[in-house]
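As structure tokens, the structure follows; a few thoughts come after it.
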Amino acid sequence: MRIGVFICHCGSNIAGTVDVAQVAANAAKMPDVAFAVDTMYACSEPGQQAIEEAVKQHKLTGVVVASCSPRMHEPTFRRAVERAGLNRYMIEMANIREQVSWIGKDKEANTRKATDLVHMAVEKLRLNRVLIPKQIPVTRKVLVVGGGVAGIQAALDCAEGGMEVVMVEREPSIGGKMSKLDKTFPTIDCSSCVLGPKMVDVAQNDHIDLFTYSEVESITGYVGNFEVTIRKKAPYVDWEKCTGCGICTEKCPNKKSFDRHNEGMGTTTSINIPFPQAIPKKATINAATCRKLVDGKCGVCAKVCPSGAINYEQEDELVTVKVGAVVAATGYDFMDWTVYREYGAGRYKDVITSLQYERLLSASGPTEGHIKRPSDGKEPKNIVFIQCVGSRDVSIGRPYCSGFCCMYTAKQAILTKDHIPDSQSYVFYMDIRSPGKAYDEFTRRAQEEYGAQYLRGRVSTIVPLGDKLLVRGADTLAGQQVEIEADLVVLAVGGEAAHGAPQLAEKLRISYDSYGFFMEGHVKLKPVETNTAGVFLAGACQGLKDIPASVAQGSAAAAKALGLLSKDTLESDPQTASVDLKRCVGCGKCWNVCPFGAIREMDMRGQIKAEVLEAVCQGCGLCNATCPQGAIQLSHFTDNQVLAEVEALCRC
Amino acid sequence: MNAQNKFISRAKLADWLKELSSRFEVWAPRKEGEGARSVVVYRPFEAEKGLELDRKPTESAKHTMFPRSETLFNFRRNLVEGAPSLELEEAADPAPRLVFGLLSCDARGFQIFDPVYNGSGTNGQAKDTYYLKRRSSTVLIVKSCSKVLSTCFCNWVGGGPASTEGADVLATEVQDGFLLTPVSERGAAVLDSSLLAATNSDMESAAADSQTKAAAALPAAPDLKESQSALLGKFDNAAFWQAESSKCLSCGACTYLCPTCYCFNISDEAAGYNGVRLRNWDSCMMPLFTMEASGHNPRTPKMGRLKNRVGHKFSYYPSLHGGRIACCGCGRCIKSCPSSVDIRRIVTDAIGFTETVGLKEQNNG
Amino acid sequence: MAIQEQLKKMILDVLPDVDCVIGWGPGPDPLRGSPFFMRKPEDVESFMAGPMAVQNPALFLPEYKGKKVGVVVKGCDSRSVVQLISEDLIKREEVVIIGFPCDGVLDVAKVENALASHGEPGEITAVEFSGGEVKVTLAGNTHSLKFDDVKADKCGRCAVPNAVMSDFFAGIAREASGVKDDYEDLAALEKMSLEERFAFWENEMSRCLRCYACRNACPMCVCRDHCVASSRIPHWISQADSTRDKLMFQVIHAVHLAGRCTGCGECQRVCPVGIPVLLLKRTLSKGVTELFDYAAGMDTESKPPLLTFQVEEATIKERNW
Amino acid sequence: MSVLNESNNGKELRIVGFLCNWCSYGGADTAGVGRFTQPTDLRIVRLPCSGRVNPLFIVKALLNGADGVLVSGCHPRDCHYAEGNFYARRRLEVFKRLLPTLGIDPRRFEYTWVSASEGQRWQKVVSEFTQQVHALGPAKFVADAPEFDVLKVCAE
Amino acid sequence: MANENATPTPTYEPGTRNPYMPYVATVVEVVTETHNIKTFRLRLDGEGVHEAFDHKPGQTGQLSVFGVGESTFVINSPPTRKDKYIQFSCMRAGEVTTALHGLQAGDKIGVRAPMGNSFDYDAMKGKDIFFIGGGIGMAPMRTLLLYMLDNRKDYGKISLLYGAKSPEDLSFAEDREDWLKRDDMNTYLTIDKEAPGWEHKVGLIPHVLEAIGPSPENCVAITCGPPIMIKFVLQALNKLGFKPDQIVTTLEKRMKCGIGICGRCNIGGKYVCIDGPVFTFEQLSQMPNEL
């Protein structure tokens, strides 16, 4: 092997505290090193050209670049050696900037350490092998999980791009949280007027196959070739026949069902269509409350249904589809605010959540847009909004900012004044967080034009006082305690990952954080990718965000899916595990631990062996560390490569 | 040989060995390990670590002549102005050695090595210089056995408790010391020490007596002449070998304790530019011994390997070396076998002699 | 002995349905038994159980995968069988397990050591067991040894004298002794300083012949013919007579057995040069027991703890940096 | 002795780090970007996941003369590969208990979790671990076969 | 006491050649034959060393990649063509061959050669020769074939049947062209399955051999290739009337020392490294069955 070593000055970033010329001189003595030089900026165009030229001139078969972190420039140098005719895996980097020059000033020690790191890279490189990606055929279809605004946007963009889309939504209608909103900030546009047409587009798009009231049962396969089983929950209504006329919902005798769409701000019938603009506009029976289903007595809806769509015998149905990519857009839910016992913990009827308030504001809501407080239906005059209920509160394990509450609270304060001109809104806040186009102006308008009184401080307790609620809190700016007699208290409850998100993540084999939010591939650079190839994220499932950000991420995820599936085949990353069939004894420890199901048992002339599905393997190397005889090796990080690095440091 | 027999008392033995240490790297048996785990091994002599001459050594003295691991040569690769270069450097010649207290079977073991390592296979074209250098410069002082174990069968293969084959000096325990009989010139040369005393006729007769007694204690030896053809005749008898090998673990305990097993492996170890080509003990009982790069292995099942070990000793080797059996009957492979595989039993089973040699109570199933 | 006769009858009953029954038979001298493969009814005559049933016959089971075999097991052996089944290294339906109540087995090395002053142990001509005594006839004289003094170490801490799992069981199950394994065997080592322990291993391992009897006698070694000890890809250790590499191999063996070792002790028993290699495995077993309250080979449904995990580990405390 | 280098006057010890690429290696980078000064003893081997760390790598290093070994991965639940560090946690915890039996001070080996954003934590981990190893001093190592003397890579 | 020792203890004679020390050689050229076969042309270093090197067709050598190890290969250039280099062809299979495949011109390599026996080309004089080679099995036969072509007048009719899975798996492109052009030999090439642009025979070697139907009269068949091919070629030759002593093959075994000591290449009492690699089937039939 003939290795070229390039020691980067990175201007003075490295050269300032590392004797790069000395490192290059040391490198020249290392095994198989045919050429070693220091270079001003290895990553610059002339720097890369110098590498390419050296490869050709010195007939190099491998390159070590000692510069910044490989997390930064490994792809850059891979491309450079590839241009020079080498395989892109015949390069190793020694991180002598982040891990040497920037963390110590002792030039001698740094030079020694840099030399060691270069030596480790050289020893590893000597065992690098040419790796060639495999081509895998793909199914050009995208699964979108979640029919909120992010999912809708992703589905529409994918369909627009000519891709087939399967959308799965667990509620009977798509629309998500946005369909429950009355207006949107900062323009006070009607939410359903904005969202409605998009929902209709989904229904009408030939490329989109919509499964509502359905959930993802299981996912197998791998990028380009997922197989998804969808559980279509039984609505006890044959949706092929249901016209959405709504007669059943008028006649249903049980009107005390929990109204999910209205966040419990009213009740509904056992058979219902969640809201007038529902897509699809089909009736669903609530099996928990339907008298026919609970005790077999009733059957009114079946009698009145003009199309004979009611079917009490209906059962869940499993449907299997093949897709090439998945967009997870499962959105968010609200944290359980009843942990705040000081706010009544659900005991006081007139302490409601902001989404409940949203339904009170909505013309299609239970009060037809009249603000009536839940306890006695009276129009409230003094309304207290409390922000950061379950956000930025370490004491209950919710240290993060939900991001959108400041804005919707300002919106609700404005709308309150619109609905009840003689009302007074009080907003207890910690900080007003309104970074966004026209956002800060909006919160100002709430205070300045609509007279909402903003109090910087937390509420310590709410106690009933007659038919009012006494809200005690601090105004930290005035430096005093305040007490407000409120008719209604609205809590800006913080969000958390949608219920069931971790379970879905397990099915998708993607990571999630301790709040259940899905982990993106890279915080900065891969915000919609995940660590499972072919699975992308859109909307609040990745982290709480407002509508435009969700829509943007929906489009971004669609773009990623479209890009991924733009070709008939995919290139798999060849840094995968591979089995030495001569040495494998088929003990099965590898396939038992593989987090991705990428290893399966196979029969080779009567002997059991392990087989790696290269397209599924993500290259974690857990199997490699598990296999007792080392018959399964992770390419590019083989045992011998790691041992070579260790020995380079330790041989004594 | 005109040299005189000599006597060394146990009390002076260590001093004599120390004296010899100025001329030789002296090796002798000593005890290692604690309690029930203790074993007797041949090690470079260190007076303070003692000698163990009462228990039979657990391991053979093979490694004193044929190290478990030895350097064939060092190599150094380099790039000189971009051009590869290579230097090879042969290992240094070994220092003269003296092994005290090896058993007569151990010494006879080297005689199995001799023709092979002296290039018999290539008509002397390729002689194993490493072995020959050691063999030429090593003095063997054999201690005759006064006791016989149930696993001993040196008499089956032409040996005896006081055989001098391969020995330079024979030491026989008498009174409170050893009667030293020079067997070769170089043996005689090491007996030239003021620490050694002259012998008397009591000693001489006691020694002769002890040797005779030990020889008599050995069980009757079957005639193994037929083993050559009998084992070849059984070569394709899978049922025979399967039964004989069922309990074999396929480990190397037998071959590594054996004074006559001489198989080795050659492997390179390198760090950076520097490397070393080693010759290490290997065992035909190990599954990978004959594994080819293609994955093909002519001796995949363990019975093929046991067959080779027994076959080599009692058939193939004798066929190449004038009928000499490549086993010295020390019985270590039997005594230390984890599964009590008994090579005597396999050979007599093959010849059909088992009943006649009193091994019938054993059952290999 | 009644149990021995019962076992023979069971073996004869099982024999027609299996390739062979693995048990114990006579060895090269009266002190040494031997694994015994019974294929024909007449073979069964020489079958021996009791204190001479030293070896662990479970070792051989994976070789017979695909065929049905019978195996006679002591309690400790049965744990190996169970562990093999739980790891799918053998199939439950391919093995007929015959158990018996075990009173402990002989440690040949201990007998030899106890008799060391009387002469070479190879001269033993008879061994008899009665009433807690072992009567050994050596060079014409009979010596009595207390069985407790010469039984295998593992028998002293045995909590499973009867097979954990069996298809047939001879005699009446022995009442568990209630012995708790307190890892007393580690005590001597634990008394040493770290430096002494290091020197101890250097010294012990320098004697290693690399015969790999320890590995090949281990019923839980899965790699069989493909051990990393001799592979170059991966190249964990050299073939040289290097104490470092020899110790490395013992660590490899121990780490591969962590959470899987049933403590049958065969590795240590078979070492021809008396290296206490079991200590390493026992250390890890102790750790696994403490951390995961797990003992290998007690349950075919359990998973070796290092091949699984819990999101919240109750017993693993993260170091506070 | 580490390679091609002149003696370092015993000021530095040999500490090998096995870091997962996604979290801890990123954390070390973050510490670098933040210019968080650290001792120079540690040399990092980059691996995809802490689950890739075979405990035997650690023994190999310690027997070959490393004075300390540090393994760091993503925090539990944050594994890039979902489960790798869960396995690593169990294996490393069990493994740590083997070291005293071998006569190796278990404080020469630590494992921990550092995320890509925890530059300061990384600085703390490295500093404290280095200090801990320095307090123990240079490690003993098992002598290798004399045949391997030629393999000792020393100063040119 | 007299020395009853019958065998004298052998001694080391100073100056005895160390059979384990390889020649150092330089890779002159590397030819990529197929996706997994490369040919290495080597010249022994040191003044006069290469010139003094002498071997016979069929003999083998041990090639060393230092730091990786040694492996046995047949010398596949004839002694009549060694002025520039000696040649080995290696199929990539294990660690050593993988390392060999990484070599470039100019690299250093170790050679221990020649070793083992050779084809009995003198006894074959005046006879017809029929070579049957499959895949890498062409390598040992190439030496003898070229040797015979270089001494063409000594031999009768020379024929070659050389086959592989596909056209891409055939080695020695240059030779093949020459062999096809020559009028002093018959060359048959075959591949297992039809391939575009293929103008020669299609079919498995034993079948093609039967179709060609060489006469056993005064003929020696020499065959090398994978074991399964040899098995069926042997059946075909039997059918055609060839006797076991008319059929010659070469064996492959794992070898280390190459001088009959280390003990792994034996088949009974025969050591493939010194008694082989060339055997007639007559000889093989008398050896234990352990291939």
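Going by the order they are written in, the chains are A, B, C, D and E; count residues from 1 in each one.
Following the convention adopted for this analysis, a residue touches a chain if its C-beta (ideal position, glycine included) is under 8 Å from a C-beta of that chain, and two chains touch if they have at least 3 such contacts.
Treat the numbers as computed from the prediction; the structure is a model and nothing was measured.
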item: Path length in the contact graph (chain A to chain B, fewest steps); value: 1
item: Most remote chain, CA-based centroid, reference being chain A; value: B
item: By mean Cα position, the chain sitting nearest the middle; value: D
item: Inter-centroid spacing, chain D versus chain C (mean Cα positions, whole Å); value: 35
item: Interchain centroid distance [CA atoms averaged], chain B/chain D, Å; value: 45
item: Euclidean distance of C-alpha centroids - chain C vs chain E, Å; value: 49
item: Junction residues of chain A, two or more chains touched; value: 2, 30, 582, 593, 626, 639, 643, 647, 651
item: Multi-partner residues of chain B (at least 2 other chains); value: 69, 77, 265, 267, 269-272, 275, 278, 282
item: Contacts with 2+ other chains: residues of chain C; value: 224-226, 232-233, 236, 238, 240-242
item: Chain B contact footprint on chain E (complex, rising order); value: 1-7, 9-12, 16-22, 24, 64, 66-71, 93-97, 106-108, 110, 227, 252-254, 256-257, 259-269, 271, 274, 288-291
item: Chain C-facing residues of chain D, complex; value: 55-56, 59-60, 63-64, 76-77, 83, 86-87, 89-91, 93-95, 97-98, 100-105, 110-113, 121, 124-125, 128, 140-145, 147-148
item: Contact set on chain B toward chain A in their complex; value: 77, 79, 82, 271-273, 295
item: Residue ranges of chain A in contact with chain D within the complex; value: 26, 29-30, 69-72, 95, 97-100, 102-106, 109-110, 112-113, 115-117, 119-120, 506, 509-514, 519, 523, 531, 575, 593, 595-596, 618-622, 624-626, 634, 637, 639, 642-643, 645-652
item: Chain C - residues contacting chain B, complex; value: 20, 25-29, 32-39, 43, 46, 55, 59-60, 107, 109-110, 112-113, 116, 119-125, 203-204, 207, 209-213, 215-217, 224-226, 230, 232, 238-242, 266, 269-270, 272-276
